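Same chain, two partners: subunit A is paired with subunit B first, then with subunit C.
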Partner chain A sequence: MQVLSGLSVGMFLFLVSVGMSLIFGVTRIVNLAHGSFYMVGAYLMVTLVELLPDRPWSFWVALLVAPLGVALLGGVIEVGLLRLIYRRDPLMQLILTFGLILVIGTLVLIVWGPDNKSVSRPDVLAGSVPVFGQPFPSYYVLVLALAPAVAVALWLIFYRTRWGMLIRAATVDREMLGALGVDVSALYTQVFVFGSWLAGLGGALAAPTVAVAIGMDGDVLTTAFVVVVIGGLGSFAGSFVSALLVGLLQSFGILVFPAISIVLLFALMAVVLIVRPWGLFGRAEE
Partner chain B sequence: MQTVTHLALVVVLLLAATAGPAAAQGKPIKIGEINSYSGLATVYTFPYKEGILMATKEINDAGGVLGRPLEFIFRDDKLKPDEAVKAARELTGQEKVDFLAGCISSGVGLALSAYAKEAKTLYFATHCQTSRLTWDDGHKYVAHTTNNVNQYIRALARKASTLPYKKWAHISPDYEYGHNVWEEFIAYLKQLKPDVQVVQQHWPKLGEGDHSSYVTALLQSGAEAFISALWGAQEIAFVKQARPFGLFEKIKFVSASVGNPDELDPLGKEAPIGAMTPGFAWYDDGMQKRHPKLAEWVKKYEARTKKEPTLGASWGYASTYIIAEAIKRAKSADTDKVIGALSEGFEMEFPWGKVVMRGCDQQAIPPQWVGTVKMNAQGKPVLADVEEHHGRELVRSCDEVAKLRAAAADKKK
Partner chain C sequence: MTASAPRVIAIAVAVLAIAPLVLPPFFLQLLTEIAIVGLFATAFNLLMGYGGMVSFGHAAYFALGAYAAALLVKKAGLPMLLALPVAPLVAAAGALVFGFFIVRLTHTYFAMLSLAFAQIVFTVIFKWKGLTGGDDGLLDVWPPPLLKSPAAYYYFTLAVVGLCLLALHAIIDSPFGYALRAARESPRRARFIGVDVRRHQLLAFVLSGLFSGVAGALFAFYNGSVFPDFAYFPKSFEPLVVALLGGVHSFYGPLAGALGFKVLEWLISRQWPIYWPLFLGGIVVLVIIVLPGGFVGLVSGGRWRARPAA
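And now, the complex of A and B:
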């Protein structure tokens, strides 16, 4: 039971952190606004579920459309703002994405108001299924299935398509890729949109299990950042392994050492940073 | 005494209804109000501010206080003690306010209280709830116009002591408020029921998003009942995650805050039926029967804001009247005279019952309510079977407070 709950925690973390890692890998931008994209995904989910008629399919339509909305937002931000600062000091980029946290947070407050919002699970997944004789929430079964599916799809995209090859190439040597005639700027936009979509998907999928509220962006950002650092910035396999590791560590930490379970996460990060500063699956910078 | 204030309030309300000519004329009495008006606390502070504005309008339409209108100047503290103190300096320095008020975060409240002591300005703590404000760290420049953790957690613990359970666990956010709730709860429960044992303790960080691992750990703990000091969005997340695990069927759920509408409404059909919790159930038949003026107050609030009232709204409303009453009794807006009036203590009638402003610690003692979460006929979760006790029966006595203050002073040396 503790393993399963740890794994489902890990799966949520994976969906959020892999997008962040991907964006960093290609554009070298640490997107601090990634948690805000996650929050917008959850809020869009709330609005869509409210707007759509109360039918069994509306939850799934919302789950499909909400991340697309976030992807659109990501696209606008990349083209309108980030494109202007790729060549600037990394500090400038941090300040810009940090500013986005505040701007998006305030916009969400204006658009959706301060009240806590909530999305109900679809009726099919509202209950629980017995696992080892104990009830386990069926919604988490969906999450446990969906996140690995996303991971497999990502792997296929990265290693079996031309676009994936370009992305991998961009993480290794951007200048060379540009010199070979690839439109790097378009590639950046695509990757940023894709990463935003993943954050939106994480938010939309998490919406029924949490309160959709102002402030959910910051909480998720911290943990996602830890996951990305442990796994190695820019490494997709790293995000997957480290998300599961963090999920399980938290889960067993809570069972075995409830008093210090929060520290364990950061202790792991510290150990990884000391032993392998570039993360478990990252590449050392030359 | 009580009937006089009672009558005074009725007169004020009557005058408010026929407002206009009586409106206050003189130089305004300014109150600098510092609270979190952006970000995640706004779900509480927006209704609270409406309560203040509603009471201020009633008071001013009825001629103000000592012929002078009340004027609140609002500042955002962004939930940060340093921002709050910065705002307090600006309000006392440039705006020349007569009094300070506000706080939702206990950290902000303690910081403002320390500032008030140093600046010799009277500060009314209105929305934060730590008992340290007027007890351990109390002084004459701070008054607390709403209840503190001690009062409502003791009300909850007393009700919990009637349950047949001995093995207890808890889940509380790891900061000032969470520790305050848990310590008050278990101390009073053990006092009333000495054979209680604690089998498991959980301290997730404030704002933790995923609690499923805590839920599975609680399921294995062997506890018969547990209390949660989580609140707001975090508790909603906890309840939504715990329900499908069947936690609430297996272990009795006692919560410090799930009965409030800001948690029950978003939970909707996923609300934890049967949970024992305090709350301001203005819609409850028993409440409305005991307090005949409550329905009218609710109607007025709804007409004004187009929203249902919350506990926070009642706090903003009551705090404003308590500040006005203290000034009236002092016959002056002079800080020392108002402190004099507060230190004598007084009682006021509100639409939801009597509030005692105790003189020895300048601490408000309102009625306390504990009930059980149920679905109403419309399928909306509500607090039902509400039991009411006055905080006077529960709260630490003036002697105990004096001991707490002495112990705190010793610690500082």
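And now, the complex of A and C:
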């Protein structure tokens, strides 16, 4: 049981961190605003579920549209701001995306107000199914099914399409890719939009399982950050394995040592950074 | 530093000295906060501007200084004037332990590991209710009656901050300071001429932690209480934003940044308290895109090349 809920937490983490990792792999920007994208995805889900008529399909429409809204936001940020600073020191980029956390967080507070929101699960998935004789919420079954599906889809995109090939090429050598005539700037935008979409999907999917609240951006960011660092920045498989690892660690950590489960997480990250700074699955730089 | 710097400093000191005669207590408190933030940002800039190392977790050392000061006074019963010099040593010890690992990494990874350690400090403070009071913080951490009035604590803060700034200036002007710059510009060449790069960076990290601890301890007594927020990650960005705002390529940049930052914070949060983070974020974005050299970079023109985080 604990394993299953740990895995479901890992699935949300995977969606968020793989987007973050993908963006880093191609653009070399550590997008600290990624947790904010996740939060916006969850809030858009709240609004869409409220706005749409109460039909069986409206939840699924919302789940489809909310991540697209986040993708649009990501596109605006990439074209309007990040594009101007790709040549600058990576730390400046890091600080800029930190500034975006504050801006997006405050805007969300203004638009949606300070109260916690919740999204009800669709009727089909409102109950629970027995797993090993214990009730398991059926919504988590959806999560457990959908996230690996996304993982497989991503793998197919990365390794079986031309676009995926370009992304992999960009993570290895961007200048060379540009020299070969690929429009790297457009690729950056596409990847940033795609990564934002993944974060939005994570947020929209998580909305029915958590209290949608101000501050969820920071919580997700810190955890996703740990996931990405442990897995290796820019590594796709790394994100998957380490998201599951961190999800499990979190749900067991809370059982065993509730007080220090976060310390455990950061201690693990510190150890990884000291021993293998490029992460379990990443490549060493320079 | 330009030739007119001593004159500017003399005027600034004179203005600050007579300020309590003309300003109401509220502004003295604002100036006290500016001095403390200025010291915190200058200590931070020893790493960022001169060492080329950007820490994303400096709140840890600020909080260690603040909590050490509060605990020494409340639990160990030390008088404030004794707690104040001891507390920064705790921050420096923390910086030594964490820094030992952090300086092994560079750039983004350096920033991330420093953030990870700061989050650990935050969590320990937050969860260790028995010692730190957890979420409730530690209250009633006041200076002795003699220093309790805004004007008295203002003069006291100015004196302590002034001494620390002199020390920091001396450090930056020393052979050590130049070796640190050399390590920033080219670690490999610095190593060739016999500079132990890692040891210099670690020493800079510890010194930076020490003076951040002084700022934290001063703030604890100014505030009368300490809270886990002191170690939370937005606090780590405060010196970064301040230094960036003022310009990281000048000793006085972070001080100018602290003035601008605090005045702006006061003006904006007085009008629209919930919009302050929006403005802060907007300012960070604007400064990075439009003013890479900060405001001091704007004034001193081409003297300091507007290079990102040299």
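In this text, the second predicted complex is superposed on the first by the 281 of 286 C-alpha atoms of A that agree within 3 Å, B and C clash if a C-alpha of one lies under 4 Å from a C-alpha of the other, contacts with A are read in each partner's own complex, and residues count from 1 in each chain.
In the analysis below, a residue touches a chain if its C-beta (ideal position, glycine included) is under 8 Å from a C-beta of that chain, and two chains touch if they have at least 3 such contacts.
Not measured: the values here are computed from a predicted model.
Superposition of the two complexes onto subunit A shows a clash between subunit B and subunit C. Of the two partner chains placed by the overlay, neither subunit B nor subunit C lies in contact with A:S36.
In the superposed pair of complexes, A:T106 makes contact with subunit B and with subunit C alike. Look at A:S242: by the touch rule set out above, it reaches neither subunit B nor subunit C. In the overlay built on the shared chain, the residue A:T171 is in contact with neither subunit B nor subunit C.
When both complexes are overlaid on chain A, the residue A:F225 reaches subunit C alone and has no touch with subunit B. Looking at the shared chain after the overlay, A:G215 reaches subunit B, while subunit C stays out of its contact range. In the superposed model, A:S196 lies in contact with neither subunit B nor subunit C. Looking at the shared chain after the overlay, A:Q134 reaches subunit B, while subunit C stays out of its contact range. Looking at subunit A, you'll find residues 105-106, 109, 218, 259, 262 touch subunit B in one structure and subunit C in the other. Listed in rising order, the residues of subunit A touching subunit B in the complex are 1-2, 4-6, 8-9, 12, 105-106, 109, 114-118, 120, 126-128, 134-140, 206, 208-211, 213-216, 218-220, 223, 250-251, 254-255, 258-259, 262.
If you check the complex, the residues on subunit C that touch subunit A are 54, 56, 101, 104-105, 107-109, 111-113, 116-117, 119-120, 123-124, 127, 233, 237, 240-241, 244, 274-275, 277-278, 280-285, 288-289, 292, 308-309. In the complex of the two chains, the subunit A residues touching subunit C come out as 30, 81, 84-85, 88-92, 94-96, 98-107, 109-110, 218, 222, 225-226, 229, 259-260, 262-263, 266-267, 269-270, 273-274, 277. Remark: subunit B residues 38-40, 42-43, 46, 174, 200-205, 207-210, 212-217, 219-220, 232-237, 240-241, 243-246, 262-263, 265-270 touch subunit A in the complex.
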